[in-house]
């Protein structure tokens, strides 16, 4: 059996807001390539905090410290320039946030312009088509690419944001409760999309929707009070959780 | 353009504020120095002389300080009976309606009218009325200037007070209504106490605005260099004496005018600072 | 609770309502009065000649009055002067104001930024006549003369704090997700500001600029000791120059030119009100 470097690995990762309190405590886990891994847990367990550490979003705010290591393809991102990391790791947020002053076309390409990468018209057209097709949005918007994205429905806007993140061909796609602001049908479409996308990119998704985790993820992490309590196959975890706390959460006894 | 350069550029641009403000104070102080040295600091502030007979020039700031304070305070007194109703109209009675936004627009437009036009209107329309009604025999004076000044500061008091009135939490008002209070009573017993300090801060800021008003006062106050002894008398404010005499002044008179400018600057800065601090406190509550 | 007392209270309540409505309505009166008066007195003066000819000399005006004719000339020198000084002031004030506003929005917790914020308020509250004195000391004295440059420096100093505030406030209202989305794509702070934040804040910034312009265009006092005024239409920036409010002040003080006051005032008033209403309209439209 070959040993492959996991695409993303947490090694005793800790995140703290103040000297006394740690929001994430000594998380160690290796994420497999081309999978969807769900991070679950009750509110305040640190799942979003952990996710946002992967693309160094905490750098925006003072007083947040990250200790330990987070390895992307073997390199510790905590020692890298945030801009470099963010080119290789994409993020989709809870609220769809297409840039309101840009057209759909420009929104998809915004990663390039923000990174100062110039593309030829042909390259731009190809990229836009590729990305919008990969999120199943191309047919719906191909005639209105020049319009601003704000008239799209919530689900379509979120798909646009996913397309925008995918345009940079990231290794890992971080998703922070991407469907919690969407209606059930839009949610279903996005879940189907993610199942397809995992062939191209590794997905790490924070979700408070257990059904969603079960539907789409192959591996799951359960966090509680900042600790990684359990990490393993989704199905196994749901049917036969090892830890008492995992069991309590999955059966609804814990909020 | 990388992050470091970006931060440096923003920082350097922000530096213009301290540089300009520091420069303002420095320029005022250095050029006012002569006058203060010649007459003595306290003496200058309390003297009412203003004569430019060569060889024995005497200048003092008292008449103008008094004139400024009188007109500003009177203006506030005259404006409250109108701006308070507007604030209640917009912030409570008709909150959120079209009428309220029309009234808001009207008051905002009042704030946009250039002061020289206020001065013209005051001079050509208000003055004759005041003279005809015998309220002010010669037309110009502290009273006239204060009346027009009052109109000019209505927008500032009204819009800021309205904001604080709007901020009064609904639960408090509903609690009072549910006990059977009338609207007037809710306003008196709930809104005024809660929004009161915010409203008061709007008065302070309005005074700050009125202190610096130049053209209107210059055209209406009568331009005499005495301490006004009644609201009908004429006088001068710090801003108006500067506007009137700066162009032809030199040496000691110029320095005295700049000294008056320094006093005006400091008083205005102080009042504005107090007002802003009060707003901050009122907002936190 | 007896019925009389209740009736009493209800009556007071009604009285207060009517009182409030009356007094509030009365505040519209000055606006209409001023607008009406300036309109009535100045309307007949507006003509093509009024806008294209410079002001007449006192002598010419005196002759015309004696002959019973309308005073020749107009306010072209003032209009040109105002436009030139405004133009120069805007070119400097807008970039400085926007960048400073961006600084304040990005660094709100920083001590230095709070100090700068306080100074911005200080400068904004400074009486315009003081700005005039300062510009006299800094520009007129070294240049050994009055000039359009001095005038525009004064106007610029007055505009900057207003633009800083409106930029800062608009940027602060933007949802954080916008900036984060931009950063998450790998943009550095400069690019996210230029490509995402500032465009999104454009509406608020633009209306802030409009309001700043409308505020300084009617200012007289600071121009009195910097631009001084001039009776010719002039395009050179290092010499004294006229401005519309300065002209109004000259007309006010000259018994022969009184007639021209109202045409000039009408022009100024309409311009300012138009700017204000446009700013309000745009603010409402872009906030949808």
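Here the chain labels run A, B and C in written order, and each chain numbers its own residues starting at 1.
What we mean here is this: contacts are C-beta pairs under 8 Å (C-beta built on N, C-alpha and C of every residue); 3 or more make two chains touch, one makes a residue touch a chain.
All figures in this text were calculated on a predicted structure; none of them were measured in a lab.
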If a chain touches chain A and chain B alike, it appears here: C
Relative to chain A, chain with the most remote C-alpha centre: B
Chain with minimal offset from the mean of all protein Cα atoms: C
Result of counting contacting C-beta pairs for A-C and B-C, higher pair: B-C
Where chain A and chain B are represented by their mean Cα positions, the distance between them in whole Å: 55
Whole-Å separation of chain centres (CA-atom averages), chain B against chain C: 17
Rounded Å distance between chain A and chain C, as computed from the means of their C-alpha atoms: 49
Contacts with two or more other chains, residues of chain B listed in rising order: none
Shared interface positions of chain C, touching two or more other chains: 188, 191
Touching residues on chain C, where the partner in the complex is chain A: 109, 175, 177-178, 180-188, 191-192, 195-196, 199-200, 202
Partner chain C, residues of chain A touching it in the complex: 55, 57, 60, 62, 82-84, 86-87, 90-91, 93, 95, 97, 99-102, 110-111, 113-116, 161, 164-165, 168
Touching residues on chain C, where the partner in the complex is chain B: 9-10, 12-13, 16-17, 19-24, 26-28, 30-31, 33-34, 37-38, 96, 99-100, 102-104, 106, 112-113, 115-116, 119-123, 125-130, 132-134, 136-138, 157, 160, 188-191, 193, 214-215, 217-221, 224-225, 245, 248-249, 252, 261, 265, 268-269, 272-273, 275-277, 280
Residue ranges of chain B touching chain C (in the complex, touch as defined): 1-3, 5-7, 9-11, 13-14, 16-18, 20-21, 23-24, 27-28, 31, 81-83, 85-86, 88-89, 93, 103, 105-110, 112-121, 123-125, 151, 154, 158, 182-185, 187, 208-209, 211-215, 219, 239, 242-243, 246-247, 257-258, 261, 264-265, 268-269, 272-273, 276
